[in-house]
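In this document, chain identifiers A, B, C and D correspond to the written order of the chains, with residue numbering beginning at 1 in each.
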Amino acid sequence: MIVVLRQGTEAQERERLIDWLKGRGLEVWVAQREGQTALCVSGDVAAVDPRWLSSLEAVDSVRCSAEPFRRAGRGVHAQDTVVEIGGVKVGGGHFVMIAGPCSVETEEQIVAVAGAVKAAGAQLLRGGAFKPRTSPYTFQGRGADGLELLKTARAATGLPIVTEITDAAQLPLFEEVDVIQVGARNMQNFALLRELGRTRKPILLKRGLAATLKELLMSAEHIMAGGNGQIILCERGIRTFGDYTRNTLDLAAVPMLRELTHLPVIVDPSHATGIARLVRPMALAAAACGADGLMIEVHPDPGNALSDGAQSLRPEDYAALADEVRRIREVVAK
Amino acid sequence: MIVVLRQGTEAQERERLIDWLKGRGLEVWVAQREGQTALCVSGDVAAVDPRWLSSLEAVDSVRCSAEPFRRAGRGVHAQDTVVEIGGVKVGGGHFVMIAGPCSVETEEQIVAVAGAVKAAGAQLLRGGAFKPRTSPYTFQGRGADGLELLKTARAATGLPIVTEITDAAQLPLFEEVDVIQVGARNMQNFALLRELGRTRKPILLKRGLAATLKELLMSAEHIMAGGNGQIILCERGIRTFGDYTRNTLDLAAVPMLRELTHLPVIVDPSHATGIARLVRPMALAAAACGADGLMIEVHPDPGNALSDGAQSLRPEDYAALADEVRRIREVVAK
Amino acid sequence: MIVVLRQGTEAQERERLIDWLKGRGLEVWVAQREGQTALCVSGDVAAVDPRWLSSLEAVDSVRCSAEPFRRAGRGVHAQDTVVEIGGVKVGGGHFVMIAGPCSVETEEQIVAVAGAVKAAGAQLLRGGAFKPRTSPYTFQGRGADGLELLKTARAATGLPIVTEITDAAQLPLFEEVDVIQVGARNMQNFALLRELGRTRKPILLKRGLAATLKELLMSAEHIMAGGNGQIILCERGIRTFGDYTRNTLDLAAVPMLRELTHLPVIVDPSHATGIARLVRPMALAAAACGADGLMIEVHPDPGNALSDGAQSLRPEDYAALADEVRRIREVVAK
Amino acid sequence: MIVVLRQGTEAQERERLIDWLKGRGLEVWVAQREGQTALCVSGDVAAVDPRWLSSLEAVDSVRCSAEPFRRAGRGVHAQDTVVEIGGVKVGGGHFVMIAGPCSVETEEQIVAVAGAVKAAGAQLLRGGAFKPRTSPYTFQGRGADGLELLKTARAATGLPIVTEITDAAQLPLFEEVDVIQVGARNMQNFALLRELGRTRKPILLKRGLAATLKELLMSAEHIMAGGNGQIILCERGIRTFGDYTRNTLDLAAVPMLRELTHLPVIVDPSHATGIARLVRPMALAAAACGADGLMIEVHPDPGNALSDGAQSLRPEDYAALADEVRRIREVVAK
């Protein structure tokens, strides 16, 4: 840890700080660089809160280790980024409700769900056309055809559409898609991220199953390095030893990310838990801890969904949930 | 998965169900046992929601695997357990606010914090006297002496006290303690659990760093097997690969545990994150997803705390948080 | 668990087996399907070893859950697959030594390393041209140019070359590459796997950081479903809470995979540990537990490598290691 | 990272080193403390190998963060500790074979196993009398009675005995036990560790399911702080997301621990995998990567063992394995 001292700090004040640090069992070196003085501290520095140090009169800044987020970091861009999709805003105090089925199945299904989620207050329609599936022997999505059905549902309801891309070669098909989603399994498909950086489409970037927050933000950097800063991050559960839920929803990632980055952060409680009856409590929790939005799976007939039925809400349950989320937001926003 | 059919289900209905299951690629065996008929289903059963099956007319019950919770399970005791501590109730709709310093340091400190957290609405005072510390070379707590200071603070404020035991041999010292806490590292110290089962004290049982929900509940069973059913479970973060927080707070454990067990479930956002400024958002999230209470570290001077200062709130911040939690509870309880 | 009984098993024997299972606290249903009789067992079945049950006279087979490996599974293809690369065989008792630098840097570097590792007994040359890097701001590999340098090194030494692909669009460039590597981050890039399934090139498929063995094998199925069965699996460490090594090398995956699949399984101790001085012991351990080969990073000047210098061996250390591996293999193969 | 320069290093050499570090994108401060000069380096220091820096002429030492192992660390005690049990030595080149059943069941069983494993070359007999079990409803071990049976087996064979303690209160019963085992679940039962520090018995300390290497060594420090340095560390698998084995055996922990500490390190492949047929390959791997011994479960009739039958070897398989381990050791020791 390097504690850079403010120019003009008196020797006495410096000695007091050194003594306080030594009193915590730490080793202190007095260092110079380009006219600045700093205390280089080694030992079990975890015992010292860098925020507390930063707040001292004598301290200019504290560097634990350089955060490598050149474009996504708060340091370079303090204001919240607001992503705009049609008339819908995400971030900077604008909360977004995204809903729809895991997979686009038929025109009837997607148009019906779109209407139902719109009525319940959703602002964006989600639906998978290209589905990354662990097994090659299960339903892989309707592909290009599914994208057409999403557009039909958009035409019928006015809801902008969010759908997943699984390969850069599909990009021409996504020209009329409103938000391009990068799934958890492709979070480090850097070839794809680079191509998305060349588009000017909003990107919904999901956290990988074993991705650290640093890695998630570095994947955003891959897109931003190409000039596309319209990125929404999405926490959707990580892989742990947990026994009852599909993944472990890491909600503390929400306030932590909001501190590290200016990009909006939403939560997907459906994939995180894999269990429909846990979607409501976790959606409320996400709203309570400061998420910028929710992406939730809704299906008119979960028992017969071609994928992920066990984690889909019925439209009427989604409507009730959307109402509760609104009330939680009112408490938190105050 | 074993789908037990209701007595008197007609063959036609049974065949329809078998066909539906086969249509999902599953293998179905028709089985008999003690006069009952069941469908034994093998294959990728994860694709089928047992709740949905259970809701069918023809189905009596669905057994995925026997839940081994003989005393802690909802199956044997559907009603919420309400733990009573002095006049304070926990569970069954009663939300508890527990607060105090990580460690009891001095009489002045503990009495001051007790007064401050009581004024902010806390109902129980926490404070560590016997501290399990990774290193033998750091402050290990004030021991028996610390228990006396806690009693002094109780006398001054009327707040019942919660404090951690680390060895069964300390039990005589805990006779006047109101709630005995078992820390994460001792969750599977079965010798200790057995002794606590013989007491009639309320027990606050924290989830181990790598404990599954099943293991947490089995540890509760160890206590309950001795006749002590006054147990409060506590989610406090699990160990993962996460990079910015000390642990990963598994909030989905809250609704999941509430479904599996009748015991109350509270959350400790201080240890879960290790970062004071994440305590507020995670406390609100815990309240939003249905926790029965919160245990939060509060210290009058976090920068000089003998342990865990980096995760402690100042009393004034705790007071503001307690107010927000109350308002979240009003939304959720409706 | 479904215990299918052998046709013609006598009632008495069946009852003895039922009693044994009940004695373990399990619930037993007698089931019929397509003329076969089975015992459907529920409860804590983990207490019973399915292998032991399978070995009984009365038992035809035991199904815990259907293994979904249609092409990669031992069940459908009992014999070891032998992958052939030029004259080099991998699997079925043929052990392969793959070595080279993390990244191809210059012609001088790659030709020198190729010569050195060949002299030490390596049969294949590895070297990255397209590098997937967490940060967009670090060296991303020499790309197409790097592939040419690899071919130069092959021409100079006769060693077939192994190098990583990061996007299906690069495939035309890989026409003269001997083995195409899929890195850990792309293990579930299904679009890429599908295209590789259409080639007839040997594929080196690395396990993802948080991939289960089932997922690794399902990714192999994605390739095999396209008709390409020339796949070498590679264990390279998984992500855990570990504190001293970059990843946790899961060596038990080696014998477990060899039981589940007929595909060869090799180990990459360089990426697994990230520490050059752990490469030797983990390479020896991999050879001892039955791996079909080793992929090891070698660099003539690790201190100045453009990537992963900290985990690279010097050529002379690799030569000494290769010799020890050979002697371990002699003990194990007996 | 603090790079302490050797006294008398010339300015030119210092500048060259500073330039090299800056060339890697790092920030360098020149610091003074107690007459010494150091370079304090911040930024992405992971890119620089501290070992490589340490090897430079100009560098006295490199401090990444202070290792807090005051008694267990190599820094304070470079020579391997050799633990002596009866005539059996462990560590410092002495390899130990420990074997026996998971639980002591009957006199007949334990005496028979003891004879069989002795014949196969085991030097110590293991057997559980106090069993920590997740469930309170399964066999908890024979307790004090089991210790007597172990002594009978010792008398019959001459093998010193290793058995687990689960509570400090049991210590008087362990007076004639040769090695006291601390199980994974009690690795951070500090009250117990403290009491063991007061004895002069050899302690076998198993790594906790989610314990880092630092935590394991700090638990050894708890024992050593009491004056007992006779400690054998044991890697026995950690908890991960793995799907086929009970735990994930972290074999890289063996060479890493041997670098960090002078205490001997053995491996328990039985608990690590939970599968008898993986014990052989993982035992060989452990021997190959430098472990100081193996603890393996052996049972004459695994199918009917009261605990952990699925992971026990038959005596004849153990004998064959012991022979292979010996041959692996011959290769590695050279």
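One rule holds for everything that comes next: a residue touches a chain if its C-beta (ideal position, glycine included) is under 8 Å from a C-beta of that chain, and two chains touch if they have at least 3 such contacts.
Predicted model only: the values in this text are computed from it and were never measured.
Asks: What's the farthest chain from subunit A if centres are computed as the mean of the Cα atoms?
Replies: Result for the farthest chain: D.
Asks: Counting C-beta pairs in contact, which chain pair has more, A-B or B-D?
Replies: A-B
Asks: Take the average of all CA coordinates in subunit B, do the same for subunit D, and state the distance between these two points in whole angstrom.
Replies: Going by mean C-alpha positions, subunit B sits 32 Å from subunit D.
Asks: Provide the C-alpha centroid distance between subunit B and subunit C, rounded to the nearest whole angstrom.
Replies: So the centroids are 40 Å from each other.
Asks: Measuring from the mean C-alpha position of subunit A to the mean C-alpha position of subunit B, what distance in angstrom results?
Replies: 28
Asks: Two or more other chains in contact with one residue: find those residues in subunit A.
Replies: 68, 210, 214, 239-241
Asks: State the interface residues of subunit C toward subunit A in the complex, per the touch definition above.
Replies: 68, 70, 132-137, 166-170, 185-186, 188-192, 194, 208-210, 214-215, 218, 221-222, 225, 239
Asks: Under the definition above, what is the set of subunit B residues touching subunit C in their complex?
Replies: Within the complex, subunit B contacts subunit C at residues 2, 27-33, 38, 40, 42-45, 63, 65-66, 68, 239-241.
Asks: Considering the complex alone, what residue numbers of subunit D touch subunit C?
Replies: For subunit D paired with subunit C, touching residues are 48-49, 51-52, 210, 212-214, 238, 240-245, 248-252, 254-256, 259-260, 272-273, 275-278, 281-282, 284-290, 302-303, 309-310, 324, 327-328, 331-332.
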